[in-house]
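Can you keep this structure in mind? I'll have questions shortly.
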Amino acid sequence: MKNESRYERGLAKLREIDGKAGEHVLESLDGIAPDFARYLIEFPFGDIYSRPGLDLKSREIAVVAALTALGNAAPQLKVHIQAALNVGVTRTEIVETIMQMAVYAGFPAALNGLAAAKEVFAQQAEQ
Amino acid sequence: MKNESRYERGLAKLREIDGKAGEHVLESLDGIAPDFARYLIEFPFGDIYSRPGLDLKSREIAVVAALTALGNAAPQLKVHIQAALNVGVTRTEIVETIMQMAVYAGFPAALNGLAAAKEVFAQQAEQ
Amino acid sequence: MKNESRYERGLAKLREIDGKAGEHVLESLDGIAPDFARYLIEFPFGDIYSRPGLDLKSREIAVVAALTALGNAAPQLKVHIQAALNVGVTRTEIVETIMQMAVYAGFPAALNGLAAAKEVFAQQAEQ
Amino acid sequence: MKNESRYERGLAKLREIDGKAGEHVLESLDGIAPDFARYLIEFPFGDIYSRPGLDLKSREIAVVAALTALGNAAPQLKVHIQAALNVGVTRTEIVETIMQMAVYAGFPAALNGLAAAKEVFAQQAEQ
Amino acid sequence: MKNESRYERGLAKLREIDGKAGEHVLESLDGIAPDFARYLIEFPFGDIYSRPGLDLKSREIAVVAALTALGNAAPQLKVHIQAALNVGVTRTEIVETIMQMAVYAGFPAALNGLAAAKEVFAQQAEQ
Amino acid sequence: MKNESRYERGLAKLREIDGKAGEHVLESLDGIAPDFARYLIEFPFGDIYSRPGLDLKSREIAVVAALTALGNAAPQLKVHIQAALNVGVTRTEIVETIMQMAVYAGFPAALNGLAAAKEVFAQQAEQ
């Protein structure tokens, strides 16, 4: 059935991209909005990230750029800095993407993005 | 001299990336803030876009993503959709980048980004 | 099949809520991102608006509030002011919702929201 | 006198809607901007929330939607999730309102709004 | 009576600061939200702009900075660029304020702010 | 050489305005993006803050206003509330600037700005 495979495709993609952090996001929805966990799997991951036409590295660069620029979703920015690393974006490429946001969203947005990257890189080094 | 080359490097980079649209931005600053035209050449283009570590295609994907998500800089989004085409990002990659922003900034942001892309692609087809 | 009914349910809901304006949004995606029209039908309308637990009037009040506060999606705000009228929100309730946003997003956001409402109400009166 | 009644009407409305959380907001302004506490009572509560034309449940749904979408005012979002409960909005309605913001402001905004709701609901359960 | 003088004080202040543009804003609310015109006179102008402790020039610099940075309220930004001129802020000071926003909100915000200033200055020159 | 003096001029200006907080920002970039520390010194401080045409008090009022309104850069807002004090803006002027943002960005933005000011003023009193 098509809808089940959409869920399954999304869950596999979520695990590929976000790893453990993705599972934590899903768990955080327990007891408050379990249906939203399903939507999160189905639409962003089952529909969008599963599309051809843009490789996963570029997709994660796009997300890191957007969340740095918006500056109002710190937990998700960290998840996607880790996700970028997971799909093969280098630390240098992440830092360059965030620094470039100084031009489009200002220095505070870039500084806060760089602080998030520093934290994620340090956590990764510990493991 | 280093500073001159920073300006020159920036101007060359601006022309490579933004083409005519970049020149129009500079001209628009005549008679209001000519120094700002210089800063625009020197910092974003002479400093940031001239850095190694992230290719120009990825840089333009990052900008298209961020400006789509912010949703409050329509003229600059169009300039960078064109710039993305100029540096080799395909129409499909641009559309995928913008569509993905529905996940991070909502459907209205993505719809307005797609409308901008449609307009830029049509202008390009006319030429 | 479940996915087809999700699409069909979404399309029916879109027509119920957005009327002609919804069809125009779908048409605007022709030739640029037809898949995005499908996602728009399936996720917002087939999934979210079709849920029980919050009546359509409250859903449209929520959207008018949010788009007024964000202030960066004028076309979608107009679509949803019309949608609010379509599902039974009164003009007074729409105006009150927008005015209240002065408290949460500032007077400019509320003024621009009221201008959008004035325009939509005038278009409706003409028809 | 009209102005006194505006203050008194606002204070009564603030207590009705925000309860203890409202008092904490007022106290937090001691020693920094006591006049702002007065404005907060008079304009949002004495003027806006005291208006007929939109019931308090709808007003709180509008605020929860807007603050979730803006994503940059976490403390106030929590106050208004509690306020929504105070005036009779159900937990389900609050969760639906926040989930719907995924469509208009993206999944990160909705996820952070749901986390705020989870926290407020848990605090309420403890009491 | 205190409330009447609050309205009167606000109206005088609005005329002093915004001139004709302020009257147009009030007129634009006719037939959609006349009470909101009263609130606009009373709270921003009768309460806030009438306070001692910050001179009008600084208040207008603050508003031009904030509306440039937010980037989602173009009509109000133009009104306040004119208002800044009305209360004695020089063209140079306005341009410097807007240019500085490139640092805090990015180059697109500053470019759009400068375009607004160019338009307002040109309109002023025509008169 | 011009570029060196741009760096030196920027560093002197950063120290004059931001004091110790500025040094902490630079240090925070160690090990993640040292080049960004250089850009921060050169463009905002070497270029923008070093310009004539707007005095430093007005520049800091503009920044406090903008960061309060944006509401997504709390650490930088605190740095600039301290910076405003450093260049001679009074506590009253800072509080007035932040309160005024209730009009342009809503009460939550102003409340969060006032909380930041309260914290900075208390830290200053301790020293």
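Order of writing sets the labels: A, B, C, D, E and F. Residues in every chain begin at 1.
To be clear about the criterion, contacts are C-beta pairs under 8 Å (C-beta built on N, C-alpha and C of every residue); 3 or more make two chains touch, one makes a residue touch a chain.
Chain labels with UniProt names: A, B, C, D, E, F = Putative 4-carboxymuconolactone decarboxylase.
Source: prediction; values computed, not measured.
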Chains in simultaneous contact with subunit A and subunit C: B, D, E, F
Same or different residue numbers at the subunit B/subunit F copy interface, by half rule: same
Greatest separation from subunit B - chain, by CA centre: D
Most distant chain from subunit C by Cα centroid: F
Euclidean distance of C-alpha centroids - subunit E vs subunit F, Å: 23
Length of the line joining the C-alpha centres of subunit D and subunit E, rounded to whole Å: 28
Centre-to-centre distance between subunit C and subunit B (centres being mean Cα positions), rounded to whole Å: 30
Multi-chain contact residues (two or more partners), subunit E: 35, 39, 43-44, 48, 51, 67, 69-73, 76, 95, 99, 101-109
Arrangement of touching chains [line / ring / star / complete / other]: complete
Interface residues, subunit F side, partner subunit A - complex: 25, 28-29, 31-33, 35-36, 39-40, 44, 67, 70-73, 75-76
Subunit D contact footprint on subunit C (complex, rising order): 43-44, 48-49, 51, 53-54, 57-59, 61-70, 73, 76, 92-93, 95-97, 99-105
Contacting residues of subunit D [partner subunit B, same complex]: 69, 101-109
Subunit B residues touching subunit F - in the complex, by the definition given at the top: 1-3, 6, 35, 39, 43, 47-48, 51
Touching residues on subunit F, where the partner in the complex is subunit D: 70-72, 95, 98-99, 102, 106-112, 114-115, 117-118, 121
